[in-house]
Structure formats: structure tokens, C-alpha cells
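Step one of this worksheet: look at the structure below.
All chains are identified by letter, namely A, B, C and D, in their written order; residue positions are counted from 1 within each chain.
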Amino acid sequence: MQNHILSIILFTPLLGALVLLFVPKENKDAIRWIANLFSLGGFLISLPLVPMFWAQRFEPGFKFIEGSPSNWIPTIGAGYLIGIDGISFLLIMLTTLLGWISILSSWTAIENRVKEYYVWFLILQTGMLGVFMALDFFLFFVFWEAMLVPMYLLIGIWGGPRKLYAAIKFFLYTLAGSVLMLLGILFLYFHHHALTGIYTFSLTALYQTAPKIYSDPAYGPNIAILLFFAFFFAFAIKVPMFPFHTWLPDAHVEAPTAGSVILAGVLLKMGTYGFIRFSLPFFPDVLMHTRVRTWMIVLSLIAIIYGALVSLMQKDMKKLVAYSSVSHLGFCTLGIFALTPLGLSGSVLQQVNHGISTGALFLIVGILYERRHTREIAEYGGISNVMPVYATITMIMFLSSMGLPLLNGFVGEFTILQGTFMENWRWGAWAVPGVVLAAAYLLWLYQRVFFGTVTNPKNEKLHDLTPREVLTFVPLLIMAFWIGLYPKPFFQILEQPVNQIVANVRTPQSGGVVNAATQPDAAQAPIATTAAVIDAPTRVQPTKGTK
Amino acid sequence: MAPVATPFFFYLLSGIMLIGGILVITRKNPVHSALALIVTLLAQASIYLMLYAPFVAGVQIILYAGGIMVLFLFVIMLVSIDRSIKERQFNSQWVVGIIAATALGGLFIAAFTKGDKIFPEHVLPMVENDNTQNIATLLYGQYMFAFEIASLLLLVAIIGAVVMAKKRI
Amino acid sequence: MFLTHIWLIPLLPAVGAAVMFFFGRRLQKATVSAVCVGSIVLAFILACGAVWQYSAWSSTSDNFHKPYQTILCTWLGSDTGHLNYRTQDGSPAPLQADVGFLLDPLSSIWLLFVTGVGMLIHIYSTGYMAHEGGYYRFFGYLNLFMFSMLTLILANNYVLLFVGWEGVGLCSYLLIGFYFHRKSASDAAAKAFIVNRIGDAGFLLGMFFIAWYFGSLRFIEVTHIAHSGRFSIGDPIITAATLLLFVGACGKSAQLPLYIWLPDAMEGPTPVSALIHAATMVTAGVYMVARSNALFVLAPTSMKTVAIVGALTAIFAASIGLVQNDIKRVLAYSTVSQLGYMFLALGVGAFAAGVFHVFTHAFFKALLFLGAGSVIHSMSGEQDMRNMGDLGHRIPITHRTMFIATLAIAGIFPFAGFFSKDAILWETWSREGGAYRFLWYVGYATALMTAFYMFRLMYLTFHGRPRMSHEAEHHIHESPMSMTVPLIVLALCAVGTGWLGWPHSLGGSDRFTKFLEPVFAGEARVLQEEGRTSQLVAGVEEQHNSSTEWLLMALSLAAAGLGWGMAWRSYRHADKGYTEPIAAAVPPVYDVLLHKYYVDEGYDYVFTGRRKLGNVRLGVLGLGTASAWFDTHVVDGAVNAAGWITRLTGTISSWWDKWIIDGIGVNGPATLARILSYPARLFEWGLVQWYALVMTAGLVGFVFYYVYR
Amino acid sequence: MLHITTLHYLVLGAALFLLGVIGVLTRRNVVIVLMSIELILNAVNLNLVAFSRLWGGLHGQIFAIFVITDAAAEAAVGLGILIAFFRNKETVNIDEVNLLKW
């Protein structure tokens, strides 16, 4: 059990999809029950991972490794190799939780082609989990692409009026990025073979060779930068970063509620996860010695402010939330490319937070949509009068999204901002207006939808949340308050991996030209020892009061 | 067996067979045709006996006269024959058909006449008893593989027949 | 016992708020009152106990003048010491924010008046809100506010202070928007929150500068390092940090240019205005600046900025207050003006005087608001003073208590305002050898205005001719006990609290300043080293020229008297259609003042973009519109253009494919074959038996060949 | 003449075969066409058994048995097709089977 827990978590949804195939499609309630059972089961099965992981949270390297390199297709060196560290652990827990919630939330929302819907959803779930678990690039790519298809179908079949446009845009855009990434992967793969004579897609092996491209006379920095951008496009489109974000509002607006939740909650995290897992360790020199990093930061900052500004002007609630995602994800990429432990851990935490709060926001919009079948803000007003519980939950989630202390958003944003600020105070300073604008667009939305008197007669009869709907929010609320009130466990889980990554990135690679000006503290740490990079601080003992 | 009886029975049975065959292809009513065919088949079974092939004769009776012909009769009952009885029985090319068949028959006769010499003068001696045993030994020995293939063929035919005859699967 | 359980003080209201959140809907009003008021009363008792115990604790020789700090656990940070950032000198420092509480004289003062005034206002609210809907919601929010405010006060580090800071902002938002069905209320609420957020952004950045420079965000450590002399006076980073902190304070404490939300905040229920927008929350900025005094004294530029902004705000808001007609708006502008006073005091380095004014102001301003609430209550919701008049004998308790408060705010001896205001004016006059003397004139003019608009309020409301409708007149009644008792208690405080700071020049001992000495003592040293000042705290004060001080006191008393007199002359007999003296004298000025210098409109044009300048929309909304246009047309346009080009090439390719490749290359031979096949087709007419016949014919031919070859 | 030789059997078989061929080529009723096919098969069987007798072996008979098997399969499938066809076209006339005609 302990050794195979990851595989069990990974394939439980797929098993559910297989079981669903044998249920007659007329039997909608049975299908719903089975799908919910399996998604809840998937979540519950992932819970034992928490204490197991907690016990070894400070140990270096990947944990719960299963399989071995090249055991799948030995001829090309592809393997079924999965394992997690703190970063993927949090994202996996987020995925299983959101997967359950979004499946629960679609109970009444999906009325036609119920069976296909749940089957695709469960397959999507496995795909996403696989992306976060894979330690083999081939496997990763398989999951990465495999998850596109269900999402495409979810948008394209159960979506809104312009669903085909949105679905095709989503699919092609993401696919275009993936193709470049595939080229990058192949380059790294053959480069590894050139250096070691071994064909393998194993991540740990590539970690050793990929950073050498920069200083390899046969390739040089320019090739390394090109490779970085090959990966960058795939991930930046997925995140999405500033100029590549336009598929997101379309996809969100047209997707069914649960699809939006998963799209915002998990799919976007794959981009940031890709940056953390691949871009940073593969191309440390590109980031440390060229202007690339500044560009990344600038794009992130543009995304933060620009996303918030555009969001301010939206007339469609879902579009507003979608653009707010652009802004929030800007914070995440900002934290990543700050390349400090604080920035990185804040970024991962913010990804989890974004999954929770934005997931909840999409659920919130979905609930109104289910009742009124419109997302136009102008159609609403005074909803607080008719749906008080709903209004309360919405308020909490809005506050969480705009980063109010004691709720989750603040912890992530604060850590990112502090980490970025310490790297370069201008970066931090430019990001701060995003916080103000977040309050502006969310509060304005709240005011327009919830405050005032009910002016539209269609809104007078709206019924408040059903117990099932409340149930979908409860875990999110609990998580929001937990992260806001007691984020220490999360920081402890993230501490080891982020220090490791920062150490890897900031340590000069063999033959790399260390630019002392840009890298004052790089020389201290060997690759694998994390704690040594940033040595334990001399903590000033607090003045304890006498009893 | 007495030599007198052999020609007699041969001609008798041949006559029955040919008359039966002619009836098969000329009757309007398929039921009559089928009955005529049964008579032909039974007569042929007797001829097999004359050729020291009792097992084949048995199979002929059981399978052909008993099995296949019942199948034919069932099908004739299933399809409505009332209309087809009243209609034209021969198609538009029947003259050409008969001419072609006659030509073929003529050629056969020519062939027999010309090729008479290739047959041996006397038939070779043949074990007359234990025919079934010997056939079994051969079927399950030398022709084992062919036998299995045949069984597979039957299986396919059964499934095929069911698939085609059934209204909705 | 009280000290070690100091965390209970904020927790109690939090529990009250949580109870309201989960069960409030189902509870009786009496239960709601019991839970919420009870939690605050308990908190007040605990606070008194804690302060009393602290004063005993800090006078022992071991802990002489030390702040008391207790740390419960780490809130932000991994607590392992491995999650670090680098400070400006390259040494690692952990990401760390404790759940920790700090009690020193400064927080003691805030603790006492916040819980005390808060308790009185809670009691008052049980009467005021008795007939309103959402009773439990109101008290839940109030309790949540108390929790946030107490967290803010008791926090031992900037981050936790920020928690309270944002928390009070949120509660302010919720309470201003309490009547959420009114558009003006929800507008005001959102405005308050967003303007506060701008300040908060500054605060955040200031905090990061401090963390970067000091490697810690705990007050004790920051103060310690600041005192260590490692940093020179006028250090640019510290200047930047303090200026940014002051931006935060401007937002929260309604200073120029971020004061605009406070007058609008009067949309909330009156107890809220009293508690949040007069007595407690708006002084949080003062608290924060006073708390960071160790940093501010290292940055003279920031100090000057604080002083000038404070003085300007004081006179600016007071001048608007001169002509407003809404009773609560007058008080709101008065609050902004008084807050300006406080910042003036802080800016000139007279931290103790500023804090003293916060303290006295909390009581008399809360009293004024509650009194105004009582008036509004009795007038069945009427807030416009033009429709009041002659209420004095109909609601006597309200009248008398409010009169006391007016005397206090106008600075009449021996009411509380006199002492605190004079302390500020005197410090402004004398600090740094008179460097700030020009601000004294501003402060003095403000004092005159204050007296005028306050007595104007009193005369218009309680004297003159009754100007309300008959129906309203019929309903006028004194408020219930639950409302008048707090008024009386507050009136007593408005008289007495000033005596705590009875100055030496008048033969007092100025206990208040002495009490605060441990907090600001370090700064006195810095200022002295700097050579900017010769006196700050008790003990040094005897040296200065008492006669000048007496003269200044007399002058400010004269100003108060003058203002009173002018108001008396103009409004004593105010009847319907009375004339405003300013409007009569200089109409354009009156117009500008009545429209609040058109600041809101200007902001709408320039910053928010809610109003268009011609056809152009500026400000944030303008940027937003431009960005949205850019997004749909340029960014998404590029994406769609890429798609369109792909499809165009696809169309061309498919045309080429269909007509050239497929048409000529593939279908050509096929067509040829088809043409050639016509003769062959003659043999095939699809009849099975024909095929059989052909087969037979073939057989004939075959056999024929073999037979006759 | 009195002696019955193999040739007699062959002639008989040929006659039967020709009857079958005539039936196949001229009749419109599919059932009868199928029966004619049976006739043809039987003619072949007769030859096989006759040759088997001539050479004194059993292989011819084995072949005959296989042909009978084949005939059974053919009859089953053929009649199945007939029924399916009849269901669709309400006729058993073979010259009306022209769906595949160009």
C-alpha cells in the first residue's frame, strides 16, 4: 500500500471511468452516484498520503518513487516512473479535492450526455494527477497531452454558445506550445545520449545533463536560450502568461462550471508547475546570466496589473474571474522567477490558494448561472436579499481572493511579494498595485451583484443554496481558513523542495561563467545540500514575558 | 452380389435419380421440387451402397435427406411462395442457359469417349467390411486438420446464418 | 494572570463574532446582545486587569520600562529557520510573523479606550439598533471589528498589525455597507475599502523595506536595531520605508489626499461612525506611526511630511466642516481635522501629545457621534440640520452631554480637548527652536474653525426655531436608557480625561506623558543627538518659558471663544431659511466649501475615471477600458489573426488539393479509366445467373480446349 | 454392356450435373436454384465415390463427406441470405436481386 499509494491515487479515477462504461447511459442517477463515489474515493484515498508525506517532509529528493527508468518502452528509454516532492504533493492534494468538488457540483448542472461527461471528467482527473506525479519526461508528456482531450470535449460538448470556438482555441493554442516542448524534450534526450551514451527520459538523469548545454561549446548560450523558450511557450500558454492568455477567458466563459473549476484550479497550475519542475532546473544559467529572467518578471508584472485592469471592465462574471486568474497567476510566475525560496514557496502556496479561491469563485458564478442562465453582471443586483447564505460565502471567497489577512490569499501574496521584494525591490513595488486593483474589481462586482435592492423581477424568486451546494463549499472554506490561519505546515512541506531548486539554480553549473555581480551568493552551495544554501539564521530570541 | 442384379439396380436407380433431377428443376412449386430432390438423394444413397460406401450413404441419408432438406422445407414455409408460383418460372436467358448446358453435356460425352482408356480395366479390390472404421481412422488421422477446419467452417456458417436471418441482433 | 492571558482580549470578540456567524440568525435579540456586549465587557475587564498588572510588572527593577511580549506561535513562516530571505547586508533572515502580543504604555492606552469606548458603544447600539433588521449581523460585525482592532493594537509585529489593519478595514466596509440596499451606502463602503487598500499597499511596501533593512518585523527588534545607531539619520531607505508607512496611515486615518472615504463612511449606522470612524479605527494610523517612532525619528524628511500633511488636513477638513449641513458630515470632517492635529503632533516629534489627543478625542468624538445618533434617533432618521432646531429642551440629556463634548472639542478650559490641543499647539510652536512655527498658525486657525463649526452644530440643532415638519416634531423623544447612560459616561470622560495630562505650566504633573515615556524615551535621545530639539519629555519641560505657554493658551482660548461667539451671533435664532454668514460674505468660497473643494469630482475625473473628461476617460477605469480594448483587439486579435491566416492557407491548400492535385493528378486517370470502362460494362448487368451463365460458357471453352487440343 | 463400369457412374454424374446447371441457369426461384446447386454437389459426390471405388481407397469417400459438410454450410448460409433478402424485398426471384448492379 505504502509503495503503491501514488499509483492507486493516480488510477482510481480511471477505474471509475472504466466502471462507468458498463452502466447503461439511461440510468443517469446511478452514473452520478458512481462518479461521485469514485471522485470522493479518489480524494479519500489521497488523504493517507498526508501523514505519510508529513513524516518525511524534510527529507531531500523525491518520495514515494514507483517504477524505474526505461521500464515501459526500454528501446527508447521511457519509463513508468512516478514520485512526488512537497510541491507536487500540494498540487496533487489540490487536484483530488477539486476533482471531487467539481464532480459534486455538476450533479444538476449536466443533464445531457451524463455518462460521457463523467467518464471524460474522471479521465481528465487521472491525466492531471499523472502530470504532477511523472518523473519521466515521456510519461509526463503523455499525461500532459492526454489531459487536453477530455478538457477539449468538456468545453466543446457541454459548453456555452460559443463552445466550439473556445474549445478549438484552447486545444490548438495549448497544442502549439506542447509541440515546441516536445522538440525541447527531444533535444535534451539526444543531448543526454551524446554525453552519456544512454537514451533515457528520466528526469533525474536529464537534470544532470541539461544545464550543461549553456556552457557546452558545441551549443552555447543561444541554443540554451532557444531551448528555454521552447519550454517557455508550452508553459506560458498553459499558465497563461501575459501575451498568451486570451484563450483563457474564452475557455472559461464557455466551459461548464465544473470544467472552469478544474481549468482554473488545476490545469493552469500545470504551467507554473512546469516552470518549477523543468524550466528552472534545466536552464539555470539562462535564468541567472541572461536577460531572460527580467523578461519573465516583466511579463509577470504586466499580467498582474493588466489582468486586473481588464478584469475591472468585464461585463460577464466568468470573464471577470478569468481575467482575475491572469492577474493571480502573474503573482505565481513572479514568485517563481524571483528565484528565492520565499518567492517560490509563496508561488506554490498561491497556486494552491488560487485553486481554492478561484475554484470557489467559478462555483459561485456557476450557481447563479444554473438558476438564471446568464452571467451578465447587469442582470443581477440585490442578490444578498434573496440568497443570504450564498452572499456570505461569496463575500468570504472574494476576500480570500483579494488577499485579506487570515484568509489564504494573503499568505501566498505576502510571501511572494516579500520574496520578490528582497530580490529586487522594484519588482515587488510594481506588483503591489495588483493588490489594490484586486480589491477594486472584486468589490465592485460584489456591489453590483449583491448589494442594492432586487431590481430585476427574475431575481426575486431565487432560492438559496441547497445542502449539496453548501457541501461543495465547505472543504474550500475550511482550506481557505486553514491556510490563512495556520500556514506553517504548508511552509514546512515546501521548505525542502524550494530550497533545493533555488540551490540548483543559483549554483554555477560546471563551466558556467559566474557573474559575480548578478549572483552574489551562488558560490556557497553544492547542488544537493539544501540547508547549506541559506544557512540557518541567527534568530533573535523573542523577549518572553514572565508568567 | 450377383452380376445380374447389379446392372438392373443401377439402371433403376439412375432412372429414378434423373427423373427426380428433372422434376427438381421443372416444378413450379418449390415443395414439389424439394420432395423430388429427396427422392433423388435417397436413390443416390443406394448407389453409394453399390459402390461399397455405406458410411457415405448413411451420411447422405441423414444429413442430406434428413437435415438439409428439412432446412429447405422450413425456408420454403417461411418465404411466401404463393406469388412466385404464379409468376414466370424461367428467366429471360433460359434458352441460352440450356444451350450452354447442352454444349457442356456434349463436351462431357466427348471427353468420356476420348478418355475412356485412362481408366484401368478392372476395378481394384477393396476391403468391403470395416468401412466406417477405416473412414474414421482416416478422418481422425490423416485428415485431422481438414476435419477441424470443416468444423470451424460449420461454426462460421451457423453464426453467419443466425446473423443474417435474425431481424435485430 | 491577566498579562499571560492577554490573547484572550482579542479572542473574546472573535468568539462572539463566530457565534453570530454560525448561529446568529436563529438567536433572539436579547441573546445576541448578551453574547456580543458580554464579550466586550469581559474584554474590557481583562484589558483593565492587564494594564494594571503591566504597570506593576514594568515598575519592578528587572523589567523597568520594558514592554511585555508574549509569543504564542509562528503564524507565517516554517518555523524551522530554513525558509529565509536575504537582508540588505546579505545575511539570511527567516520569513516570520508570530501570533504574538505586545503590551507597553502605548498599546495600553489604546487598549483601554478601545475596549472602554467600544463597550459603551456596544451598549448604546442595543438601544439604537433595537428596531433595525439584521441585528445579529450588526453585532457580529461589531465584534469582528473589536477583534481586528484589538489585534492591531496588541500585535507584536508589523504583519500581525497588518492583519488587524486589514481586518478593521474589512469591518469598516461591512458596516458602512450595512444598509446595503442603499446604493450610496454600498458605494461608500467600496470607496472606503479601496482607498484604504491604496494605503495598505504603501504599508505593505514599507513593511518589506523594514524587513529588508532590519531582518525582522517585530517591533521590539526593529526598535532595538534602530536605536543601536547602525543607521544614520536621514537614511534614504528608512525615509522611504517611513514615507510608505505614512501612506498607509493616510489611508487608514483619512489624511490628505486619501481622506475622501471618511465623510462618505457616514452612510453606516451612527454607532459605527462613533466607534470606527471617530474613536478607534481612524486612529490606527496614528498608532502605527507612533509605534514606528524609532524609525520616523531617523527620517527627518518623513517627519516633516507627516507634520505638514497633518496640518494641511486639519485646516482643509475644518474649512469644509464650516458649511456642511448634514450633522454627521460635520462631525466626519471634524474627525478628519482632529486626526490632522494628531499627525501634526507626531510630525513635530511630540508623540506623547499626539497620543494624548487621540485619547481625549476618542471620548468626546464618540460622545458627539453618539449624541448625533441620539438626535437622529429622536428625529426619526433626519440628519439635515436645516430641518432641526430647538431640540434642547426636548432631549435634554443628549443636549447637555453633547454640549460638554462641544466644549471639549473646542478646547475650553478645563475640558479634555483643551489640554490635548494645547499640548499640540505648544509643541508645534516650540519644537526645534520654532522650525515648525508656521504650522502653529495653521493649527491655530483650525482651532478657531473648530469652535465655530461645533457651536454652529449645537445652535442649529438644539437652539433657534424648530424647523422640522409637524409630524417629525410630534415624534421627538428622548432616547432610551441604554443610549443615554453611555452618553453620560462618555461626558464624564470628556471632562475628566484631559486632567491626566495637566501640564506642568499649570501646576500639574502631566502623568500621561510620563506614562508614555518608556515608549518615546529613545527618540528623545535621538532627537537630542541630532541637535534638533532641546526638550521633549517631562523633566526637561520645566526649562521652557512658561509665560509663552500661558500666552499661547490664552490665545487659543480666545480663538475658541471667538468661534463660539461667531456661531452664537449667526445661528442663535436660526429659523427656516436662515443665512449662512460665509455665504453672505463670500459666496464663491461658500460654494467651493459646500462642494468640498470639488475633490471627489476631481478624483472621479483623474484617478477613478468614473467621470469622462470630454470623450476621454482617464484614471483606472480609463486604463481598464484601454486594456480591455487592447486585449480583445490586439492580443486576442493577433491570436485570431494567426488562426485566420492558418485557415486562409488551409483554404488555398485545399483548393489546390481539390482542383490541381486531386482534380488533375488523381481524378484524371480515374476519369480516363471510367471512360474506357464503358464497353466493358456492357457485359455486366448485375444478374447473378448471367454470371453463372458466363461461367458455364467459360467452362465449356475450358473443357473444349482440353478435349480437342 | 451388362457390366457396370466406372464410366457408367461418371455419365450418371455428368447427367445429374447438367440438370443442376440447367436449374441454376434458368430458374428464377432462389430456393430451386439452391436445390440445383445441391444437385451439382451430389453429382460431384457421385464421381468422387465412384473413383474411390475404382482405386480401392477411401480418400474419395472422405472427400465426399467433406463436400457434404460444405453443402450443409452452404445451404445454411444461402438460406439465411435468402430469408434476409426476402424480408427486405418480399420476393424470392433471383433476377430481382440487383442491388449491387451499377
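Everything that follows uses one rule, which is that contacts are C-beta pairs under 8 Å (C-beta built on N, C-alpha and C of every residue); 3 or more make two chains touch, one makes a residue touch a chain.
Treat the numbers as computed from the prediction; the structure is a model and nothing was measured.
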Chain pair showing more contacts of the two, B-D and C-D: B-D
Chain whose Cα centroid lies nearest the overall Cα centroid: A
Centroid distance [mean C-alpha coordinates] between chain D and chain B, Å: 6
Separation of mean Cα positions, chain D and chain A [Å, integer]: 74
Intercentroid distance (Cα basis), chain D paired with chain C, Å: 104
Residues of chain B touching at least two other chains: 91, 93, 96-97, 100-101, 104, 108
Chain A residues counted as touching two or more neighbouring chains: none
Residue numbers of chain D (touch at least two other chains): 21, 25-26, 94-95
Inter-chain touch pairs (all): A-C, B-C, B-D, C-D
Sites on chain C touched by chain A in the complex: 3-4, 21, 57, 63, 66-71, 73-87, 90-95, 98, 100, 156, 159, 162-163, 166-167, 170, 173, 177, 180-183, 185-187, 189-190, 193-194, 197-198, 200-201, 204-205, 208-209, 211-212, 215-216, 218, 220-221, 620-621, 623-625, 627-628, 631, 635-636, 638-639, 643
For the chain C and chain B complex, residues of the former touching the latter: 687, 689-690, 693, 696-697, 699-700, 703-704, 706-708
Of all residues in chain B, those that touch chain C in their complex: 91, 93, 96-97, 100-101, 103-104, 107-108, 110-111, 114
Complex interface listing, chain D residues touching chain B: 2-12, 14-23, 25-29, 31-32, 34-36, 38-39, 42, 45-46, 49-50, 52-59, 61-62, 64-66, 68-77, 79-84, 86-87, 90-95
Chain D-facing residues of chain B, complex: 3-4, 6-7, 10, 14, 17-18, 21-22, 24-25, 27, 30, 33-34, 37, 40-41, 44, 47-48, 51-53, 55-56, 59-60, 63-64, 67-68, 71-72, 75-76, 78-81, 83-84, 87-94, 96-98, 100-102, 104-105, 108-109, 112, 116, 119-120, 123-126, 131, 134-135, 138-139, 143, 146, 150, 153-154, 156-158, 160-165, 167
